[in-house]
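Below are two complexes that have chain A in common, paired first with chain B and then with chain C.
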Partner chain A sequence: MSLLDSLGLSELRRLNVRQQLSQILNFALILATAFMLWKGLSIATDSPSPIVVVLSGSMEPAFQRGDLLFLWNRNLDMNKEGGFGGTQVGEIVVYNTGTAIPIVHRVVRRHKGETTPFNLLTKGDNNNADDIELYPHGQWYLDREKEVIGSVVGYVPFVGYVTIMLSEHPWMKTALLGIMGLLVVLQRE
Partner chain B sequence: MAERPKVNLNALSELKNTTDDMIAPYLKSLGFKQSHTLMDVRLAFGFTACTIAGLTFYYDWTAGFEAAKFWTLYAVVAYFILNTALTFWMMFVEGRKVYVGERNGVRITLSSHTEKHSPFYHLKVVTSKPGTAPLTANEKISFTNWFDQKGYFVEKPFKAFLQNTIPALAAKTPEAIALKSENKSAKKA
Partner chain C sequence: MYSSPARVQNVFGFFTTVTFSIAALVALSSAVFPANPTATIDVREFRVIKGRAHQYYYSKVQEYAFINFDLEADLGSLFNWNTKQVFAYISASYPGSPGSKFSENEAVIWDVILPSHSASKLYLRNERAKYNINDVTGKFAGENVTLSFHWNVQPHVGALKWGSVGLSEAFTLPPVKTKRVKGNNSA
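For the complex of A and B:
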């Protein structure tokens, strides 16, 4: 009670239940809309993670740490005539083979597998060797359908660096979320 | 009202919100029954949308993107339909309305707004009785009438203002007479 007063927020105490619910709703709708926009983009691109941030320098000079990449994952076909031009040698793909972070590397070889319809071999532009060492033990290729989460179709340099900062300094994330939440709940306009 | 609300006199939205908040308790004391339909519909739209987003988040989190994407598509579409409906409701149905209430078959709808950098409270009163054409009254009055120099809300002049602006209230209450005589003496001086 007196804490609200000393913060100059005595107004909050006067709100009735409906007004309080409405304040909570304002905040919830911001989170919900952001999440549903993200899911909508996921569905449209058919990728579980349609926007990723480059975390390593293995694709320099094409991509630097912090670049924001936009992915497209409906090009599952091997042929150029197939859906959305297929995935070709020279394209940059993002894959996730159960490691903690997705990897962004270029396609250098393609083949049809015995059990899988379409396989890729990838390599980082800035690396000396191809990615076989990065694949799960005993695996010599990537399964386009199961392990790749999309081809890079666009990028914005550097803006993703914020997320690198936030993940390397977790307290920043907590502070940012707290401040935003507080502002939305306390403001009525 | 046990305590007197205090506002920051430099914040126009605070002046308006506090004033709006004071309408319902006073009209309630005069026997008006407030209708909460507008707010309830807004809350229903909003919280349904948020529930959909919450369920989508949970399902996507537990089942994974591939398994969940069939329902995610429908959830995303439903969410944005509800969100659009909510926006339309707030813009075109609720608009600036701050109070809807009824007494003895007479329905009053109060809408208020302020204009940028202008310390005036604009109040529109629509009075409707079944079988007769609705009556509209517009009033523009300075906030200085019911906020003192320190920003405390002063009940009496505000009640008088409502008495004089809302035709459904009998103008012959002590507060109204007091304000009228005050105005007269101000003119003389």
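For the complex of A and C:
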């Protein structure tokens, strides 16, 4: 047990094996619950990323950076009797065409037929021109099925800003980890 | 239990609980306010012109529809304490030409962001469309076009709402009038 002493974790020896296992189990339970909630929401909405954070100001004043958006992706409605006709113009979609970050913009045109592709053209409310220049070279429309990950249905302001701060200022990540570690140490006493 | 970190944690926990409860109540309260906006659209002028859009790195000659319209709308009932803005827009919808695989087509030709109740009345006469639309196939083939007015309420918190009122009479896009391009003789 000299290994624990050399790592400065001699306090762990005060807990018995049963308590240690129970603590590990608790921790695993928290992780599993969070993961299940996220994946459950993902299945319910049929979107790989059912909640997104707004990263740019191209939809201002509707959405600012850091706002949280809830997505719904069960509105493709291809070849479906009694569907609602699928994504409409004026809806706000989140799409990913291989760029580094997903883009949140409003649908300004739709061209739909019996079969895919279901074509959309998007534009940011705060931009003058439509998004053709954001699409891969030579592509004039978005493919609703393959490139869109959902339509915005719900909105909570500002809550996602912490993720922007963490990714733009790496020292904050270090500080956050440090504070959490400190709290763990303090709570043991 | 009474250590400073525990107190900070309790205060923060209470703060978030209260904030999210109030936000949830505000979001739910939107359902109480009835939304009954009114709008009428009349089409004034429409023509199809062959041209080239210049804002892109690559552009091809296509047919563009130019539409002028009258609009009278009152969106006052959409503004309540949970309305951040209203996005109002007019779309042109048309069935595809017989050979096209796209049978449902719709394009926004005009839009406006209404930030407050004082901007909720719209009165436009012979207004030019903000966006001159082109079809996915590159040309229009005498389609029957209908204009309709839509609104989208952006809340401060909660669910976004969409709706549609006011439909214009259907009109048929005329055959193309070729625009005279510099150095080009096609008339």
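Convention: the second predicted complex is superposed on the first by the 146 of 189 C-alpha atoms of A that agree within 3 Å, B and C clash if a C-alpha of one lies under 4 Å from a C-alpha of the other, contacts with A are read in each partner's own complex, and residues count from 1 in each chain.
What we mean here is this: contacts are C-beta pairs under 8 Å (C-beta built on N, C-alpha and C of every residue); 3 or more make two chains touch, one makes a residue touch a chain.
All of these numbers come straight from a predicted model, not from anything done at the bench.
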First, second, both or neither for A:48, with chain B first and chain C second: first
Touching partner for A:152 - first (chain B), second (chain C), both, neither: second
Touching partner for A:18 - first (chain B), second (chain C), both, neither: first
Which superposed partner A:61 touches (first chain B, second chain C, both, neither): second
Partner with the higher number of touched chain A residues, chain C or chain B: C
Touching partner for A:176 - first (chain B), second (chain C), both, neither: neither
Chain B versus chain C as contact partner of A:39, first or second or both or neither: first
Partner chain(s) touched by A:89 [first = chain B, second = chain C, both, neither]: second
Which superposed partner A:30 touches (first chain B, second chain C, both, neither): neither
Contacting residues of chain A [partner chain B, same complex]: 8, 10-11, 14-15, 18-19, 21-22, 25, 28-29, 31-33, 35-36, 39-40, 42-43, 46, 48, 188-189
Residue ranges of chain A in contact with chain C within the complex: 61-62, 85, 88-92, 106, 108-115, 119, 121, 125, 129, 132-133, 138, 140-141, 152-157, 183, 186-187
In the complex with chain A, residue positions of chain C that touch it: 3, 5, 23, 55-58, 84-85, 87, 89, 91, 96, 100-108, 113, 115, 131, 133, 135-136, 150, 152, 154-160, 162
Residue ranges of chain B touching chain A (in the complex, touch as defined): 3, 5-8, 13-14, 17-18, 21, 36, 39-40, 42-43, 46-47, 49-50, 53-54, 56-57, 60, 64-66, 69, 72-73, 75-76, 79-80, 83
